[in-house]
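So, here come the structures, one by one.
Below, subunit A partners subunit B and then partners subunit C, in two separate complexes.
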Partner chain A sequence: MTSTPLHAAIAAGSTLTSHATTKIADVQNAAAHAWAQTPWPTRKTEAWKYTPLKALEKGEYFIPAAKSTLSADALKQFAINRLEAFTLVFIDGHFCAEQSDDLTQLPTGMTIEHLDDASNLEQFNKAAGEHATLFGELNTATINTALVINVAKNAQITQPVNVLNVASANAPCLANARILWQQAPHSKATLVEHFVSTQDSQVFTNSITELFVGENAQCEHYRLHLEDEANLHIGGVYSHVHKHARLNSFYLAMGANLQRVDVVTQFEGEGAEAVNNGVYLPRNKQLVDFHTCIEHKVPHCNSNEIFRGIIGDSARAVFNGRIHIHKDAQKTLAELSNKNLLTSNKAEVNTKPELEIYADDVRCAHGATIAELDALAMHYLRTRGISQEEAQVMLSFGFINELIEQLNNTAIVEYLRPVIAQRFAKKPEFLESLIHEALV
Partner chain B sequence: MLTIENLQANVSDKNILKGLNLEIKPGEVHAIMGPNGAGKSTLGHVLAGRDGYEVTGGSVTLEGKDLLALACEERAREGVFLAFQYPVEIPGVSNMEFLKASVDAVRTHRELPAWDAVSFMKKAREACKAVNLDQQFLKRGVNEGFSGGEKKRNEIMQMMLLEPKIAILDETDSGLDIDALQVVANGVNALRSPERSFIVVTHYQRLLDYIVPDYVHVLADGKIVKSGDKNLALELEEKGYGWLEGESA
Partner chain C sequence: MSQENAQSAPNAEPLSDADQQIDDAINKEYSAGFVSNIESDTLEAGLSEDVIRFISGKKNEPEWMLEWRLKAYHQWLEMEEPEWAHVNYPKIDFNEISYYSAPKSMADGPKSLDEVDPDLIATYNKLGIPLHEQQMLAGVAVDAVFDSVSVATTFRENLKEAGVIFCPISEAVHEYPELIKKYLASVVPVKDNYYAALNCAVFSDGSFVYIPKGVKCPMELSTYFRINEAKTGQFERTLIIAEEGSEVSYLEGCTAPMRDENQLHAAVVELVCLDGAKIKYSTVQNWYPGDEQGKGGIYNFVTKRGIAHTNSRISWTQVETGSAVTWKYPSCVLKGDNSVGEFYSVALTNNYQQADTGTKMIHIGKNTRSTIISKGISAGKSSNAYRGLVRFNAGADGARNFTQCDSLLIGSECAAHTFPYIESKNPKAIIEHEATTSKVSEDQLYLCQQRGIDAEKAVSMIVNGFCKDVFKELPMEFAVEAGKLLEVSLEGSVG
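Take a look at the complex of A and B:
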């Protein structure tokens, strides 16, 4: 399978959006070429071994999404209360200025430009490097609108930027989402990527986020996949973390029938730190696939990664956590943990830590397990009158909530608790006790 | 209230309780003392209904009802409360959420009026105060990172909210500092009533100065080998358990 409708289309050069600068056009042409040259993944392609792309093979998902609109009312349901973010709305990959906050009223120290007239494109499409995938090339080749978000040197921006990506088209189509986030040295900012969908949508979201965190800068990053199950999502988050910088990322995958996210973090300077935590909760026939990779290229960097999943019904999860410690990366501290809970005997998980260590003075800990609910904890709850069924709900929720509680942004915590609790609590009265903490 | 007759139980195929008899009337406090490994905690677990504790003979009734026929959570709802010797840590499940679920389950079963969120909060705060635990403990994971003494106080707090008929306190005094001991004792004494009974398992006579028992029993090798009033505890403190061996034979 090497030819989809889009392969053909791109080869003919017909769907390329013609971007203003020749520089972007060049990058796009190269990407289009790469896309056309890269063979379609099969079960023999290592990185896609457990993630069949059958749903995409018919080709109908490669029809570029048309521009559409949604009313402010229709978008209200996606609001994250108390986040008080600067919100940018994309509908099926098209930037929707009317529903976004006023780009002339940005927090001090932040600029947002359209890709076409961005002042500095030095780093555009540079984050993935050798990790670029077929779908990344597709994204680059067919970008509709992309935003470049810049945080100035020393800027300490407390207002989070919330990029709301809505899948809305109710016939199969392709929506490219693209963000280039660039933080200058000593800056501090928060990015929330929020993927949602309207009823009956059938969108293939193909997203790429590039994060550049400059020297001594701090980036707080949340990526929430909450689309309905009729949608598909393949995405990549590629970050470069510079000297003494800190990246703190959290991923939640609950949406879409097929979700694949590549998380690639590269250390570009010593003394940097990255946390990539995540939660996935596939059910029904959902498939979630996280491929993470930490590139320890330089000495004295710390990476920490905790992913937990609960897989129900006939759902499947794939977790591949790679830690690559280069020859020069002495004094690296890298930790990776992946725990999975299967709540049905038809649920499946394939988890694999992948360590490549070429330096000798490093500390690296990893673990990938299929866990069970703690029998003693279960017993303790039951001795307090709680039914086995409810105890299961509470412990499953607790397993995930441990990671949610650690998030720095309390508005996100408050937003996610009920969203996640709803997934576990089959009865409303269970739900009530799960979200009770907010009362204290 | 609680009648235990000739109770025999195995743990991992090993016979631990070997024909234990105990009759507890409403409002009474019974202290159980006895050497390590005698089966005191086993008795608590058997009464609370822990998996893996196999009853091989005898009977236990609570107000005439066959307790052993009930599932663990049903016993709790009927009014059995076990304060664990080693309370369990449950990270990710907040104490608050846990207490609410527990109180709801128990009150629903007993057909007591439900506590709405506001009155529940009020009760929970009061209970915290009564055992001298900061309210912040309500937000934390169940027993997660609590010190030994805090865990024990958390058990007593749960007991206060659940208002059991029979509470079994398994070494709730061990690991407590002198002030905390008094706090726990006050908590128990505040709950003493003609309708509620207690089994207090302890190694130390000191606790019984604060929680004055109606009876003191010695459990050794899976049986009650001697019973007496509170003075028996003093005698044990002085003489240890060795002198009883002759008597039990």
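Take a look at the complex of A and C:
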């Protein structure tokens, strides 16, 4: 690992931005220290066994991105129609107030603050800090503009918040993205994290999102990785789900050449529920790596996780799904399923569904499969006069569409369907029929 | 189910009474725990080149064997102890272990059972392994290993007629040096892992089996071995070679006397399964697991691996109930096209036992198939982990794997884990893996008790049902022993 000015700065404890409150400074110093202490991952590092970090080793991606802007027209291409969200725009990790929706026009019950001015920092880095990784520490140590989004008690907010992260710099650089999402008890809200890129961008996005879902609160969370393949993305989503709360997350990984997401969902109160679903569709030389962990710390919680992937060309997918049932977490129900389709001779999947159980009165199950498209289903379609190629497209799309269909937000479903269909259908006529048929 | 409990337990007894019985049963001492007073020729603790020269000299080994051991020793010195397994134990001081122990009166090597030390024979009898009876009635050839030297080998003549070689590996080094040179460490390389390297340097003895081309071994081969001398590591080395189209079934079973200090056991088993051959390797392992405070017990760090060539089949079946710490992954390298690998395992842990066990299936050839059925049962304060690897290489077109790992938890202080590594580089291969964890169902227990079956018997029935997929793969005598073992090991873990 080459040393860069950033490494020197972090090691010296002089992080890039100085923050107002001592709490932030303390957390950052601790993170900087931890980052400097943590060895660079190699093949022998269990969490990075299948994910080489060669692209980062030259150090060129450790130049912090400069603040830049994009025209409103340029941003239009990333809009999700009909979502009618309250949009917050980050360009290369810098918050762009002028491109974002007017912060004074927030939906009732919602407040958004800059981390530096936040009224309550009690939960800052609480979830992420507990499960800190090398890149999590890097994120914390180098925060520039982090936003704190608060949903007030009893607020039922129908308008989703769309955090649009645009990678735009055309020379290698590091973009830091950080969100602290806090829902007070009995509230309901939707967060969409949308990662995109402009042409020729070469950005290493290092993102952390912390979700705190209060008692009886409900959180809908979508995280869409749709950057171009010249970009890199390592991120983490750390959540605390409190008593009787519900977190519903969906992950889509289609962008960036290297995508690594650590998802840690921790139950903090009884009767809570979490759903983590995800889809990954790497192609060319992309590598997608999901490391998920459900921490069942308390009794009577349910978790359900379904991840599906189709891996083509010379792409690789890594999935590590851990269910950790702590000693007192009796009456837990936990399920995890990971299904993979390999569509090329050069593609590769490494999956590891893990169970770690310290309580006896629980029911846990996981399943994992790796295969090509079902030969029988294929035969069925072929006997009905459907070409090999079209049948492949139909079956692949269907495999993923099952999860897309389940999403609660129809605007997201409508936005994703053509994006995903385009991945499979190389001929325009297939594309039309896929989008059309799926809509019917 | 012990006798006392059977008598004292009224059928419809409430569970709290069952608890009491269970406690009694748990407190029962390890029934195979005794030390026989045979004088032993034990080497002082410590490991050095001299120790290896001593072991080698003791066996009159040829120079090439000594050199091989010394080379392994130097490689071992440079290796690091693996720490990835989900087990905790105090660091082993490899210089506090004695690496050679042979029953003294055996020094000259007996030719038949009559020459065997009567004390030794008595030990076997206590364990219920009457050699004479087995010779005559069971029709099983037994290569009994007492500590480190094979003392009695039976039915050798019968096997010889069929052309089967079944002898201590130390003897094979002298009599069949070409086979040893060709196959020793061909499956598990010297540097494969820390304990395998250690085994290469200091291995004491073990079995050597050679089945010639096209021969179906006329009887099931079996080794019973025990660890006897305190502070003596036993480093077993087994090599089985099945030539083209041959077949063999090999049984391995063991119990060990009670001991306070932890004993290290680092065995290596290598199977060479040539074209069209079949090897079935079954193990019942019931070494001393330590007492209810977790004191003592055997450390069992074993490397078992087989290479399956074209159209051949390797089947591992294991019932693991003993040892304080188990670290064991019987594996198949499915090298030839159409080869088959199987792994059936029941691992039971109680009290403070820790097991990290599973298998590896490496699919290299086309149309290779593998099946993994693993049943883990944790009771008391134990920890039981399944760790497996299924790998499909790019050339393994049409390969197929099915894996099922189920865990059963008995008691609220135990732990069960599953760590399956699944890797595929071939779109024409299919892997299915599923795992479940649950406790003994209250409904099932209630149903049994309602029908007059006491809680303990009911649990035993439920657990035996849970394991039946594995038991049915065991040779008959072993299946009976395994059922009994589970019953004894589980006594009283329900409440």
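By definition in this document, the second predicted complex is superposed on the first by the 426 of 440 C-alpha atoms of A that agree within 3 Å, B and C clash if a C-alpha of one lies under 4 Å from a C-alpha of the other, contacts with A are read in each partner's own complex, and residues count from 1 in each chain.
FYI, contacts are C-beta pairs under 8 Å (C-beta built on N, C-alpha and C of every residue); 3 or more make two chains touch, one makes a residue touch a chain.
What you see is a predicted model; the values in this text were computed from it and never measured.
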Just subunit B (first), just subunit C (second), both, or neither: which does A:Leu381 touch?
-> first
Quick one: classify A:Glu113 as touching subunit B (first), subunit C (second), both or neither.
-> neither
Examine A:Leu395 and indicate which partner it touches, taking first as subunit B and second as subunit C; both and neither are also allowed.
-> first
After superposition on the shared chain, which partner residues are touched by A:Asp360: those of subunit B (first), subunit C (second), both, or neither?
-> second
Footprint of subunit A on subunit B - complex, ascending | 48-51, 71-73, 75-77, 81-82, 84, 87-94, 96-98, 100-102, 104-106, 109, 117, 121, 135, 138-139, 141-142, 158, 162
Using the touch rule from the top, collect the residues of subunit A that touch subunit C in their complex.
-> 46, 50, 327, 330, 340, 342-372
The residues of subunit A that touch subunit B in their complex are 374-377, 379-388, 390, 394-395, 397-402, 405, 429-430, 432-434, 436-437, 439-440
In their shared complex, subunit A is touched by residues of subunit C numbered 84, 392, 394, 407, 409-439
